[in-house]
Amino acid sequence: MTVSTRGRGLYEFTDDVEAWIGRNKFRDGLLTLHLQHTSASLLIQENADPDVRRDLEAFFGRLVPDGDPLFVHTLEGDDDMPAHVRTALTAVNLGIPVQGGRLTLGIWQGIYVWEHRARSHARRITLHFIGE
Amino acid sequence: MTVSTRGRGLYEFTDDVEAWIGRNKFRDGLLTLHLQHTSASLLIQENADPDVRRDLEAFFGRLVPDGDPLFVHTLEGDDDMPAHVRTALTAVNLGIPVQGGRLTLGIWQGIYVWEHRARSHARRITLHFIGE
Amino acid sequence: MTVSTRGRGLYEFTDDVEAWIGRNKFRDGLLTLHLQHTSASLLIQENADPDVRRDLEAFFGRLVPDGDPLFVHTLEGDDDMPAHVRTALTAVNLGIPVQGGRLTLGIWQGIYVWEHRARSHARRITLHFIGE
């Protein structure tokens, strides 16, 4: 599965995941998602108020500032090392139980790719299901 | 499974998880825990000295201060957006191998719900086991 | 599996994991890694430029300083409570799909033990595979 991003921010793809489960007629088991990158994350977060995503982005932008003189790895741009740090502070894999053909997400939970680079990217995600 | 919380802090429920494994006579496989919320986390941490939990709480309270003027999402209270940030900085799912009917936790590891909101909550957790 | 560490930093063991998969002739399924400690982490990060690891270490060293007067739990040394915080900010378990006998890691991804204590340690990791 690929999620296209257009700069920093949270990109929800819960519907794509549920469609994949439906297409494969999976009922009960465990879904694992793995993002194949080191400058973006997978995140489960609130999908109601968009301000939550804006504030998450603002907080991480302040916590891990671009162009921090602490960083030596700067060849790929001011936003590259911050992207690696933000990935380390979050996660690149998620395991979510599936029951009756549905993800057991909470009512406000959505699945996001969190893009940490300033430019657009196509982010590849491996999906794995075990069960029936 | 539900874990009741009474404000911020770490609530251990390792015994409840082990009792669930025992009741179901699970022997060898993989246990996945998923917390269905966006303002609390699942954490594996030291279960010996209570000061470790106190210090974790103190550090996160300073790192993500309540009422930070950076935040726009403030309608649900000063502690709400910090709770979302703290959840993003930690995790809502865990995968733990089970061997011979026991979690393969280290000797000092316990499983906790980390409540990030100031008020009491009932936190729902989905448990999934695959194996035999 | 055990990974020996010699003070703070990232220790790659991707090859050991792939060798374990090969030895067991696993083809398709889910690999779960669980680190049995509360002062070190498992991390998937870039395995190209060593400066990335240096910068990750520098950032976390500044974010969670040794000897922070905020901390009460200091009996085991100035670097102990920071190690617990750094573990909470990262993860102790990973789930990675396996396809055709290979981890579905991205081209730049490596699997690391991140040692958060100043001294050498032998870090124990449980590996679990389900599939065929």
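Letters A, B and C name the chains as they come in the text, with residue numbers starting at 1 for each one.
Assume a contact is a pair of C-beta atoms (placed from the backbone, for glycine too) under 8 Å apart; a residue touches a chain by one contact, two chains touch by 3 or more.
Please read these numbers as outputs of a predicted model, since none were measured by experiment.
Undergrad: When chain A touches chain C, do the two copies use mostly the same residue numbers, with over half shared, or different ones?
TA: The interface of chain A with chain C is built from mostly unshared positions.
Undergrad: On Cα atoms, by how many degrees is chain B rotated relative to chain C, nearest 5?
TA: Copies differ by a rotation of 120 degrees.
Undergrad: So, what's the distance in Å between the C-alpha centres of chain C and chain A?
TA: Comparing mean C-alpha positions, chain C is 20 Å from chain A.
Undergrad: Which positions in chain C touch two or more other chains at once?
TA: 30, 63, 89, 91, 94-95, 130
Undergrad: Residues of chain A touching chain B in their complex?
TA: Residues of chain A touching chain B: 29-30, 43-46, 49, 51-52, 54-56, 58-60, 62-63, 89-91, 94-97, 99, 104-109, 130-131.
Undergrad: For the complex, give me every residue of chain A touching chain C.
TA: 30, 32, 34-38, 63-64, 68, 70-73, 75, 81, 84-85, 87-89, 91-95, 124, 126-128, 130
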